[in-house]
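The structure is given below, and queries will be raised subsequently.
In order of appearance the chains are A, B, C, D, E and F, and numbering begins at 1 in each one.
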Amino acid sequence: MYSLTVRDHVMVAHSLPRPAFGPAQGLHGATFVAELTVRARELGENATVLDIGVLSGLLGEVLDGLRYRNLDEHPAFEGKLTTTEALARHIAEAVADRLEPGARDRLVGVAVVLRETPDAWASYSLDLP
Amino acid sequence: MYSLTVRDHVMVAHSLPRPAFGPAQGLHGATFVAELTVRARELGENATVLDIGVLSGLLGEVLDGLRYRNLDEHPAFEGKLTTTEALARHIAEAVADRLEPGARDRLVGVAVVLRETPDAWASYSLDLP
Amino acid sequence: MYSLTVRDHVMVAHSLPRPAFGPAQGLHGATFVAELTVRARELGENATVLDIGVLSGLLGEVLDGLRYRNLDEHPAFEGKLTTTEALARHIAEAVADRLEPGARDRLVGVAVVLRETPDAWASYSLDLP
Amino acid sequence: MYSLTVRDHVMVAHSLPRPAFGPAQGLHGATFVAELTVRARELGENATVLDIGVLSGLLGEVLDGLRYRNLDEHPAFEGKLTTTEALARHIAEAVADRLEPGARDRLVGVAVVLRETPDAWASYSLDLP
Amino acid sequence: MYSLTVRDHVMVAHSLPRPAFGPAQGLHGATFVAELTVRARELGENATVLDIGVLSGLLGEVLDGLRYRNLDEHPAFEGKLTTTEALARHIAEAVADRLEPGARDRLVGVAVVLRETPDAWASYSLDLP
Amino acid sequence: MYSLTVRDHVMVAHSLPRPAFGPAQGLHGATFVAELTVRARELGENATVLDIGVLSGLLGEVLDGLRYRNLDEHPAFEGKLTTTEALARHIAEAVADRLEPGARDRLVGVAVVLRETPDAWASYSLDLP
């Protein structure tokens, strides 16, 4: 199995308005460093899982929708908790949706690791049918 | 599949008294940086795999049992080799044992990566039944 | 010359309301990773620049004043831009103010590096008279 | 499941002579940081997946075949594209080939992560029969 | 004193044709990760040492002159050894030359750290008159 | 000003037998990651501050004296506290003593950063006369 990973980041504000989140209930923020991985059993004609520029571009496009935003007022997350886990899933699914048919056929999975501090991170991975 | 990871570290002394370990047979030490990961297919009611504070607390409790200790004299490792692999398993199992029933039901796995130098690390992962 | 550094982090929201900041004018956020360094020409009686626990405690206290806050509504920054540079100075000065007389006499400088993304960071250093 | 990972690096020149690679078609180079992981269900008699020195030695031997080389003129890659994915596979297979029978029997997989920049990396993993 | 640092990288080929360089005499390559720091005693009107976007842009422009190149055939280095130290100086001076008069007046220094492997890096720093 | 840095590490046991060190009074250990930096105003004939291999060799030699040792029984530290600060000085001075006259004349300083955990490190720097 092969994989290719690209990394980028976004800086957002949000709150986690549930008592369970303690001090993180208030409006605060994060630099989320995103590592996007795609997996394939075989390489494409250029001996790559995917073109790095294409994959970076996809991640950048998806993160542009979050960049410098207050997620509490972001339509994609209305009524939803923007935990690191939920954001990792949002990014992974948005990338999967943007994959071109040719690439999607060859890929078997998409995963996003989202680092919120040096000491904590979450991930979401999905298998491509 | 979702995952959540927290990181902490301990500083311990130990020896590896077998000829195969060469210079590491003598009493020396290590800063072990532990990355504890738990995995779940679905998120809990707060859109998390587990509360980060709870998971950090579990890792801290388990590492407190090792912190600033000479593992050669630690009852948990009597007659055992405290290799990085063995310590990773010790930590992963101790965390799994401490999981509350509610959390344990939803989680499907626990894994520990234990970094001993910038150039070497080991891991142990277990599936939760 | 000796130095001792401790590291911690905070997650805050803020905006930078000047046209020069482009998309960062809106409310967003950051994980700021702070590296606090103190310098001394000679070591103290315990062969340290300062006790690590004491220095970590000082940094933690100062960061607690920022942790999970919206800096746009924080009294310490009323009418001020909370750029990374300005925050680095705020932290360095707050630590310097909290140093006990004994430590302050031996130290010759305090510096804070504040990392906002993997690709950008700022610092502020001050000499202790 | 246990794993053990060792890390090393090589500095090589190469080109990627296909229009899809844009500016990387010309002769350029890279520092590839290689993380070699081996996995085992049970530990060996010394409570390790494999001896760290042995595993580092294997990785070093394989990387020595690439170190300070122009891969465009390297016989192992004649007529082949030396993408990060292809190099990861080359290293993983070369390590697997060098495993001694005793170790190979116990191991269930070999994987190589190859980092080319702080923002991009690829991997190849193989199951040992 | 304040500082601001931005980070970027380039992938280049080169050789170091002197016997002292041993195996690095042959054509090989490197991923150079560049950390560009500018220093100022006072902040500008936006409470920054310099705009991060401007500084990243300057570093990017200078690195674009090296990106995916074979430095052995680069006119800027004809007859010169492209050691990490020499490249750090090349980048620092090229950035200093591109600083706008307004910024240059306020800045007191420019420095470049150039990382060639996880285990080796060089730097060049210059004071601005 | 130019600098060159090389990195290596050692794993040692030690204790810090003073009440001020709290739990670190007991025998424990550390992985110390050492970054050795030498500085020069001008480069040598090969356009380097010093040969990387030579500098790595010097650091390796000095660290070999500590590697896999219990510092409590090490003759160099008899009656001394082996704090991170003290060890940084020990390494910097031992490297300075080993510099060949030719190199020593051109160098203006030697510094060692010693990292004991991801969250704490110390340094010692000396000017060469």
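As a convention for this text, contacts are C-beta pairs under 8 Å (C-beta built on N, C-alpha and C of every residue); 3 or more make two chains touch, one makes a residue touch a chain.
These numbers come from a predicted model, not from an experiment.
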Quiz item: Would the interface of chain C with chain F count as same or different, where same needs over half of all numbers used to appear in both copies?
Solution: different
Exercise. Can you spot which option in B-F, A-C or E-F is basically A-D again, with over half of the contact pairs the same by residue number?
Key: E-F
Exercise. Just give me the whole-number Å value for how far the CA centre of chain B lies from that of chain D.
Key: 27
Practice problem: Let me have the rounded angstrom distance from the C-alpha centre of chain C over to the C-alpha centre of chain D, please. | Solution: 41
Quiz item: What residues in chain C touch two or more of the other chains?
Solution: 7, 118-119
Practice problem: Enumerate the contact residues on chain F facing chain E in the complex. | Solution: 1-8, 43, 46-49, 51-53, 56
Quiz prompt | chain C partner contacts - residues on chain A that touch it in the complex | solution = 7, 9, 11-14, 23-24, 26-33, 67-70, 116-119
Quiz item: Okay, in this complex, where on chain B does chain D touch?
Solution: 18, 20-22, 80-81, 83-86, 88-89, 118-126
